[in-house]
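This structure is in structure tokens; I'll ask about it shortly.
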Amino acid sequence: MKIAIVSGKAEGPTKLNAFDNALSDAGIGDVNLIKVSSMLAGNTEIEELPKLKAGSMVNCVLSEITSDNPGDTITAVIAVAIGEKLGCVVETNGINKKESELIIEAQNMVKYMMDKRSVEIKDMITESSTATVENIASVVGSVIYLEDEIIEG
Amino acid sequence: MKIAIVSGKAEGPTKLNAFDNALSDAGIGDVNLIKVSSMLAGNTEIEELPKLKAGSMVNCVLSEITSDNPGDTITAVIAVAIGEKLGCVVETNGINKKESELIIEAQNMVKYMMDKRSVEIKDMITESSTATVENIASVVGSVIYLEDEIIEG
Amino acid sequence: MKIAIVSGKAEGPTKLNAFDNALSDAGIGDVNLIKVSSMLAGNTEIEELPKLKAGSMVNCVLSEITSDNPGDTITAVIAVAIGEKLGCVVETNGINKKESELIIEAQNMVKYMMDKRSVEIKDMITESSTATVENIASVVGSVIYLEDEIIEG
């Protein structure tokens, strides 16, 4: 299994458009995201996000938060733990919470998940995106499951 | 890529059953809907909804709203923009909002999405469903992604 | 079409971890769950849950409820009706509601769905999970769609 870990942030004229702009900023704006519940196969490899085919169906774990309250600080976090037998992903987000605390929360949750499954963590990756809302803003973090048929070229 | 654009509305004895009846009214009651995030491939073709195989897994964009407050006017809207390189879908809905205003909102959001991607709109289609709630009612609008394996016959 | 019907319950240090532990208790903690909208093909067969491949993409209907309010009784219910032409699934859940009443509600909703489609019920199966919250707890019930590529072996 191969995955890419991405994040993005953007303002927009509506909440939907701010969210859509944040997805584009993360490089995943032109595909259909299908949300899945966050498990990885054993020895999952992490790659750079390739160019994806427009309109293709892409499995992902998505962390997102959108706010139209100017001055809010919004943060989306993804924590990924890789193991030999399997891996786990945790997504969390917050409004007006410290990015560093949200990252620690996510890391603790994913560590607990690996512990519970008695799988040693070989690698842990955290990705986060934070923004202070000007008018309407959105931040996203995502794990993209890379399958051959969604990759352009 | 081929899609069908459908809508439906219905009353029912519970919210779940009203929603299920509205899906049946739209012709998509006997399949499993998997919600995706609203992008289309280039030059997507729009077709009449064919007969779908019962129980098949069908990717869709879904706009739906259900209310058990008699007298409410509920409206679900889908706006689809087709372009050469890609297309976009917006879904929105509202309670006691004018159908015409919701349609314009959806069209503006989808135009903005296409603009942001620098893709010219070759065709724009809007579908909406509205109802005044008697007891418990649901309205739905949907873009159904048509793949060979979900079509009966 | 083949399905398995499972349920689980667990406590955990966070809501996310309680939910994850409940999925593991149900035997579906190591896969990616993709939620679908609850229709079955004709003459669907019910099987024991096989060992699933870690990280595989698994279509399911999921009933879940998680609470961090000690003393709450939480219940998740799945009702499955099998017919010759198609089948239906209903999921419901509740806090501090009688399990027996939630089961009857779910059964009534799924009977109504089959009636509306003029399909005779050949078999009806109900699965439920209930727990009283100590600190943070989650209960789940699920219909897992079994496809060859998700089964280990």
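The first chain written gets the first letter, and so on, giving A, B and C; residue counts start at 1 in each chain.
By our rule, contacts are C-beta pairs under 8 Å (C-beta built on N, C-alpha and C of every residue); 3 or more make two chains touch, one makes a residue touch a chain.
The structure presented is a predicted model; accordingly, all values stated were derived computationally and were not measured.
Comparing the contact residues of chain B and chain C by number shows a mostly separate set, under half of all numbers used being common to the two copies. Per the C-alpha superposition, chain A sits rotated 120 degrees relative to chain B, a value rounded to a multiple of 5. Computed from the mean C-alpha positions, the centre of chain B lies at a distance of 27 Å from the centre of chain C.
In chain B, the positions touching at least two other chains are 34. Residue ranges on chain B touching chain C, taken from their complex, read 12-14, 16-17, 20-21, 23-24, 29-34, 53-57.
Interface residues of chain B, counted against chain A in their complex, comprise 1, 34-42, 44, 59, 85-87, 90, 92, 105, 109, 112-113, 116-117, 145.
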